[in-house]
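Just below is one structure, and these are the notes that go with it.
Order of writing sets the chain letters: A, B, C and D. Residues in each chain are counted from 1.
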């Protein structure tokens, strides 16, 4: 029956994730990754793999925990809240389900136990987490190929978000192994888009929590700044956008999990909305923190940078608005993959 | 020497106009026109013609007062402030200068003494003040023709702004008299665009003045609402946009008057900016007036409607942004007339 | 989390849809009075078939429908573009109030005629000097024997000119604190001393009226609940109003976007249709996105209500979302349609531009009535986020924006 | 109204342009320290040629230039993209203050070395617990014989790590009302007890420092003006800072738009260059429009100043305009450039994306420093529009947002 609330299992998962990440994805861990060579924290990645989190949404008969996209959204929201660095999202939410969708179960299995990393290539000029990958899923002429890292020229790219970097890649179209038709992974990309939105919601919530604490104690002109109406109204708008983003992310996760008619639409709706809202909310957190929010040592900028990064991944606002319009006005099967000539990468 | 301030003559003109219009373009006159058959006030038009205002910017040797576009902007700002109804703007600021630019001095002279009205046709589907015109300036194959009203099929159109209406027109391309090449009137359209912005500034100023008075006396929760920070900040933004619009309108008037290099650019800059700002400022006036601002009998809506109307005239925001970009990045002579494929009408 | 509808829900939805497809009138008369009468007939028909107030208990003519069924019903009703109920205020506000706080005589006397639209109701809460400060009610009701004597003025009264009855908040104890001297009275609009003057709005329509009371005598029997307890009584019903309507609102607003898509395809500008213009497409896409998000948010709020939560201050989020959405959407609609979108002459073209002008203007009211967006943000900041209260001039004990 | 420049103005502009074309260095070293040294040399050269502080009187090394000439100079300097002055705070703020309020010894001792950049100056106004409430200064200066003893902390000190001297506001009378116990002191940054720690900003740069004072001894001779008169003294110079720089600011921001146009032509997305995308073109057009409007507004403000007006609270309008412009513009730049605009690896492509990331991040500061946008709106509302003052907790006698 219609129930938008997390169930008991989901609440438990959320608590467990928050508990783990508050100890393991600490400010020190995140900053160390941000300032480090590759933006990664291998220890954190290994621990999450050991907890089975990479395989959270993988069926039990394929070595996973057998949960669904909604649970993955719950987990990723917490990763977003704690700004967890590294390639967890791309492997857990794109590469593993893509490999499984293509029937490459052995390759999936090597990724889900944390031993191997695979990057999913949409735009070869900008492959998220490509610098950390052992092999690459690429699309050539409508077919998906898996290419080993040794056959790919990888140029690491630093980005605005030190904990989420990328690479440009070059490869021969004949390299690697043909895994199947690209249509098999289309719904994977929609599902991943929904989950990325949940991660963004985590960052928005953290930004809101931080600034809410701050405005209650910071005084100016003899009053806590949270008593000034312009600040109050800004925070009200931040709450509105954060909650609406949460509704959108979870709706999309559920719709994609259950194969609803509006699965593709809901993913585009969520990504278009949240890609707008997340940079705004996290940016307002910097603004309302004032000078202190402009310092490197304060966490506010981590969330702003992550939001800015994520807004451009898996299709930006313009792409997903156009796709939502196309899905609404055209024949669905034609429209599902396209953004009216705009590209997702 | 660089001086943005109005000079003595301009201040006198402004005072005279405000004095006249506060008596002649009263709330009663405006509402009567709004509710009337054609949105016009012939008495007001005649009085303004008698004052020589139609010919304000016409050289003295052609029967005018010999003032310039800046003075016309001063006058039109006041007409905007008092929401003056009728076809003054189109005749004084487009048709008369266009006729003069084409050397049609006799026809111009018939308009500037108030006896005859001419409409300038950019888009035949929507000719502003076309329902009040005796004849029409149309462009056919790059040539401007003057067609008498009897040769034109005119269908009056009511619009959102009852005091500024339009018509759709149909005419034969062979009808009327050839007056010359369309290039001769291009700068007239830019000048008129600048002056229209000045009129919009008048409406913004009136909206700001009304709401400022209101928030100082209207109390809610035991305080004047003008003491609430969110209201204060809104009014600060209204002032900012009104003053910036004023700077833009007058700069453009001056640049077009003096034939500056950036005459065309400044007209597009002003229209793009003010067309965004004027509906916002006048709309905020409704919002901050609360319920009373939603009543017909309060003047707030007159200004919102006029601003909405004007925003679509002589090129909308998108047209003028594109044109400003084209003028900045392309060869000027090519770019001056175009809006990158967008149309002004 | 599980957003699927049960088979029972689906069957109920199908039943509603089928009924509305078969019965909802299309093409109502344009003339205002004739239109009203046609809609009154439609409500009468609905009442006969038991489809007016399905959330009311069966004993009062409802179906005892669950909140979720009511939500489904409202959504389908809006999707079918069925006419607005002429007695929506009676059905949505007065009815639930009487059932919760009225006495048996009152329930027997009024409820049935609410459903059948035999008696039209209007709401008498707003006053000229109150605005968003709703409790600043000045209309006085003084007890004189067995009757209250009313003097004062109400404003923004929907259906004021058609109404037979008004449920009104009036001040019965001027010396009590602001929220504690108010009573809830049922006023016969045909009583001597009642004058309803149509109020002309910026749209040119007169959807609202001003209502003046001069020594209007109201029997004491028309008091609902206890004297001076009117504020609390009124507040319980406002919550319900806000809970069940959100999904229908999302359908209504989405219908507007679909209409705009249709009209944009008819308007040629810049060498292509307004619908093909990339800037327009981006804007339309934006509003489709935002209205879907509003739908999800509403589903989430309803789910909380269904499972025992209360609407609470989160209703303010809902109010801001749709009212600001509507205002900005209609602004973009005007941008997209261009000059032709500003024409109100009927025969001007193949789009209903009069409708767009009216919707553009009417949307300005959404951020003002039932608590301005400014007040809603206060409520969210203070009651959801726990931020310090605004200093206020009248009394330190009440909450800013309380209503 | 006459916006034309006189022949004299035009000749002056040509002279400045010619000098800068011939002399302004290009391609400064990337290394921060080397960059600073190169800019110091550039200022030294400018000083030798009399082109550093043209608005200063000739006796102190300036040209006694008029405000309008200074505006022209600043505009040309920015148009030439000449390097930022290393001693801009000394030239723009300390110099005018000393000339207005300093004694002869102070003028002789300091001014020449300000111009030549032999001594670098920083400003010591901001403190961690003050923020936009600038007058909430806590750094204490207690008189001990002929010396003040300083204890406290400054923050957001530009050039803090390079500075030889700081002009500081310090509290000399803690018992006086907030604005009346402050003095203006010149502090040798090499004194024992001064520690400047670089502050790392969200851009990854360290343009600012925190400066700590522990029993720092400052000779009484370093007091500017009267003791406890520092607030008034500081305020006179801030006004000037805001007057002459607006036009240069408009050129600087317009340069950013032109750079974006160049880079957008290099980035291919969606099957065309980012510059050819209609959505991008609309955004770029918007920022070109707005920056032109800013230029007109600035010209208007300068004209008022030239003709004897004062900058006054209208400076707040200027501050909001450019800082909000810059923030929104860089947001759109990131949208337009897409993923590649988020890359900071130098060799990644043919656009300087590192620059866009830095500008995007740095623009977040503009709406915070020198009075947040929120404070500026307060100032406009209260001092220009005459709206009632905000209730405040500290003292009822001062103006909200005063600084």
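Please note the rule applied: a contact is a pair of C-beta atoms (placed from the backbone, for glycine too) under 8 Å apart; a residue touches a chain by one contact, two chains touch by 3 or more.
This is a predicted model, so every value here is computed, not measured.
Asker: Taking CA centroids for every chain, report which one is farthest away from chain A.
Answerer: B
Asker: Pick the pair with more C-beta contacts: C-D or B-C?
Answerer: When the contacts at C-D and B-C are counted, B-C has more.
Asker: Taking each chain's centre as the mean of its CA atoms, how far is chain C from chain D in angstrom?
Answerer: From the centre of chain C to the centre of chain D is 52 Å.
Asker: Between chain A and chain D, what's the gap in Å when you average each chain's C-alpha atoms?
Answerer: 39
Asker: Mind pulling the chain A residues that touch 2 or more other chains?
Answerer: Residues 223, 228-231, 233, 318 of chain A each touch two or more of the other chains.
Asker: Two or more other chains in contact with one residue: find those residues in chain D.
Answerer: Within chain D, the residues that touch at least two other chains are 279, 282, 374, 377, 390.
Asker: Would you mind writing out the residues of chain B in touch with chain D in their complex?
Answerer: 1-7, 10, 70, 212, 215-216, 223-224, 226-227, 229, 231-233, 235-237, 239-240, 243-245, 247-248, 250-251, 254-255, 258, 265-266, 268-270, 272-273, 318, 320-325, 328-329, 340
Asker: Spell out the residues on chain D that touch chain B in their complex, using ranges where they run on.
Answerer: 1-6, 9, 68, 261, 281-282, 284-286, 288-290, 292-294, 296-297, 299-300, 302-304, 306-307, 317, 320-321, 374, 376-378, 380-382, 384-390
Asker: Taking the touch rule as given, give the residues of chain C at its contact with chain B in the complex, in rising order.
Answerer: Contact set of chain C toward chain B: 126, 128, 131-133, 136, 155-156, 199-202, 204, 269-271, 279, 331, 334-335, 338-345, 348, 357, 360-361, 364-365, 367-369, 372, 374, 377, 390, 392-395, 400.
Asker: Enumerate the contact residues on chain D facing chain C in the complex.
Answerer: Going through chain D, the ones touching chain C are 277-279, 282, 391.
Asker: In their shared complex, at which residues does chain B touch chain A?
Answerer: 228-230, 233
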